[in-house]
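What follows is a short report on a single structure.
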Amino acid sequence: MFKHYSQQIDKTVTIEFEGTLLTVPDTITVAAAVIGPAGQKHTRLSPVNGKKRAPYCFMGVCHECLMEIDGIPDQQACIIEVKEGMKIRRQASLAGDGE
Amino acid sequence: MDRVRDIIIIGAGPAGLSAAVTASGYGLDVLVLDEQPSPGGQLYRNIERADQDTLKILGPDYSKGLALVEKFRKSAAEYIGNAIVWRIDPGSNVCFSTDSQSMEISGKNIIIAIGAKERPVPFSSWTLPGVMGAGAVDANFKSSGTIPDGPVVLAGSGPLLLSVVGHMVSLGVEISAVLDTTPRGNILSALPLLPGALRRTDYLLKGVGMLLNLKRSGINYFKNITDYKANGKDWLESVSFKTKNGSQHIDAELLLVHEGIVPRCDFTQQIGLKHLWDPVQRYWYPETNVFGGTGMNGIYVAGDGAFVHGGIPATFKGSLTALDIAGRLNALSSAEKTDDVVKTVKKLSSELAPRPFVDALYKPRMDLYNINDETLVCRCEEVTAGSIRQAILEGCQEPNEIKTITRCGMGHCQGRMCGIALAEIIAENLELDPGDLRPLNIRPPVRNISLSELSRVTLLEAATP
Amino acid sequence: MNNVKSADIIIVGAGLMGASIALFLSRAGKKVFLLEKEISPCHASAVNAGGLRRLNRALEEIPISVAAMEMWPQLPEIVGSDCGFQPVGQVRIAPDEKSMALFKKRVEEVEALGFFHEELISSVEIKQLVPAYTGSCKGGIVTRSDGHALPAQALRAFFNTACSAGTEPFTRCKVVDISRGKEGFTVVAEDGRLFTSEVVINCAGAWGKNIAALLDDQLPIEPVALSMMVTARMKRFIHPVIGVHGRKLSFKQMANGTVVIGGAHKAFLDKEKEKTTINISEVKKSAETVMKYFPIMEKASIVRCWAGIEGVTSDGLPVIDQSQITPGLFHVCGFSAHGFQLSPMIGRLVSSLVLGKKPELSLDAFSMNRFNRHEQ
């Protein structure tokens, strides 16, 4: 959905998104990396009904960007910058898990 | 790190930075906690790393922030970035998290300066990936340097919409259409307020300039449109809307919406301050005095979080808060204080001159919350307008009761996205004013933290001196 | 005085007890007014943790609790809603031999009263029922058809059904005075509204002491704020509601996957403003306890902490009695943070009591003069 504006990128880091390695600028946020260079359209599945969701506000309000980062779930990917070796995963939906 | 401070400021936008500069100038001990990695807030986001190209594209409204951030960096105020505050208690203690470690600290004074957000307005399929706030693409460009890839439709009303259109044009983003929902009648009700606004023709000309640029740019610009909605299965595929000539349909990769700006009341609601309803711009704001004082001992609200006036006024509001605290802590004489306050208030009121005109011109349209029953209001818990109306039919009247019954506002965002819409729906159904209702409670942790982090939080009692 | 409204019975407080009693009295043909100080019913009745527990009840409460438990599955017929009832069972774990010995004695006492809902189980069965529990365990007690429900839904259902049955509700109606004359009671609301009736029932929960004091009755009820926290939705890992003997822990996963954590951790309470503030060090302790016994919760996101206001008596049992000094005044309050489960049955019993019939079950243990006896 998004692409880099500048062709010139000074420093990069390597992150892992759903097991795939990805080289991205060191100043990009996790959410921007996922819907930008990682080529994804969604960052999470609704835990309620499994529908695809993507960041809405990009400023920490909407909580649509919650992802599992380095093993900790429910992290706001839009306000966290990437770090070398960071592991990012989408959270599974819990739809149908209820009683 | 010293865990008991004169002033703890939450947020490093125009208000927070200005308060920090002013207060530390009087020798007060200031700590700024900021959720971003570097100071600037939403307006001046990531400005320290912005290159010349970015400064040029975003223009003087953005680059003005450089001087403020520089002043702040030179001040004695301490800055902690990537710091997520998740609780303030009325005794002026603050809990925040950095790197999954939480700590409690204490401030003799706390300045809540967390600014504003775009007003979230539910519409059909607004949860599809590809639908975003217009401000979100600006934020994303400033932080991460990425821009929309593919055709974009912008919809809504307000100065920020026009400003984002301008940025998108400069960035070479393909714009399929701009859908302006500003009702034709607004200009008539705004006109009587124009004389006041003429005190600041610079601002008015800027607004006119943005509109002219838009019209000259050759972009598909639709005025007085209604009922825009998103279409698509798994993500946005197209946008439809109505004009006086009938329905239209435009393919798009992204739909960027903007329906005005409202204060972020996360903490003011969490600590239980009284909120008032602004009938013009239709939002809640915490009750404060001219200094941002709240009536709760040592708790201040500065900047757009107290009332939306914009970035420059926020800097003056931040200074006023700092002056009041400095006076109370005897860091300046009352004569000096009066002098500085008078000067600052004068500058502030000059900045605010055009505000009533702009607020009336971009008054939220009457049909803003004409939300059909199938539309999700609460994105976190997937609660539709229909189920809210059902709860109202069953006798619920209070936003907080509807929350406990329908789960609207019970998810991670704690009603930040649905709270105003919920109140508007209740008000419409019960023929009340939203101001008669109590806004949704926000509970600590204001940002979710893991149970493990909560069990390890370093509390003040346990702190070693 | 033509704006004075008259009813047979005035109930002060539209929490679950008030609504339940109103329902049964209206169905019995009485004209009932239900007076609520808030815009709509709320407080502890709406925001409690929702546990439905016969397990480990005070012996005095067991007959009512057992009868109430039979009503919960019938609520769709009684109030038109299942109130979110989930009969998933309640389990109480004995972490050591000493507590297991207490449990054995406890179950014998319950059985001696003729009740067999509490079942002693082995540590092996605990492991099967609660695989996520990693603390020490020497066995426990299970009540298999206990469970939990949704308090706000239950409250709304009882309130609405009472109103359809004829109860007339008055909200934003804070009672500031009650007097009794020859003609009966006169109840005065803060805004000047006047009501008269032959009977007044004090169902004011945490504020029951204040209402009683208007007619010179002393109730040893104190408002207490108890905090809870809730996680984001989690994959299902537990069914029954869990308590651990000697530990401040009550733990359940709701039908939607969220985990509600309680354990009687106190919050700060501003009685005047009726405002609660969580005590972060108590919340931290609660988190530590959960981590210790349920390591599966380590990464769970805490989404919210909150505290409800409960009316707690000096002996932890409710007051359900007619005033000794003011005939026609009844007190039904002080359920001490465990009234939710009892509420359907309380409506039935108190309506009999008020109508002058003998209640199906004895209410003697909940008399007011038990406190005087203790003093002497």
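Every chain is named by a letter (A, B and C) in the order it is written, and numbering of its residues begins at 1.
Basically, a contact is a pair of C-beta atoms (placed from the backbone, for glycine too) under 8 Å apart; a residue touches a chain by one contact, two chains touch by 3 or more.
Quick caveat: nothing in here was measured; it's all calculated off a predicted structure.
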item	value
Central chain (by mean CA position)	B
Pair joined by the larger number of C-beta contacts - A-C, B-C	B-C
Chain A and chain B, separation of their C-alpha mean positions in angstrom	23
Whole-Å gap separating chain A and chain C, where each centre is the average of the chain's CA atoms	44
Distance from chain C to chain B - Cα centre to Cα centre, in angstrom	41
Sequence positions of chain A contacting 2 or more other chains	48, 72-74
For chain C, residues that touch 2 or more chains besides their own	232, 256, 299, 301
Touching two or more other chains - residue numbers and ranges from chain B	411-412, 448, 450
Residue numbers on chain C that touch chain B, as the complex places them	39-42, 46-47, 151-153, 156, 159-160, 163, 231-232, 256, 275, 277-278, 280-281, 283-284, 287-288, 290-291, 297-306
Chain A - residues contacting chain C, complex	47-48, 71-74, 92, 94, 97-99
Complex contact set, residues of chain A against chain B	1-6, 25, 27-29, 32-33, 35-37, 41-42, 46, 48-49, 51-64, 66, 72-74, 76, 78-81
Complex contacts: residues of chain B adjacent to chain A	35-37, 42, 46, 49, 51, 53, 82, 84, 100, 117-118, 120, 127-133, 135-137, 139-141, 143-150, 171, 234-235, 253-254, 264, 379-382, 411-413, 416-417, 447-448, 450
In the complex with chain A, residue positions of chain C that touch it	86, 232-236, 255-257, 299, 301
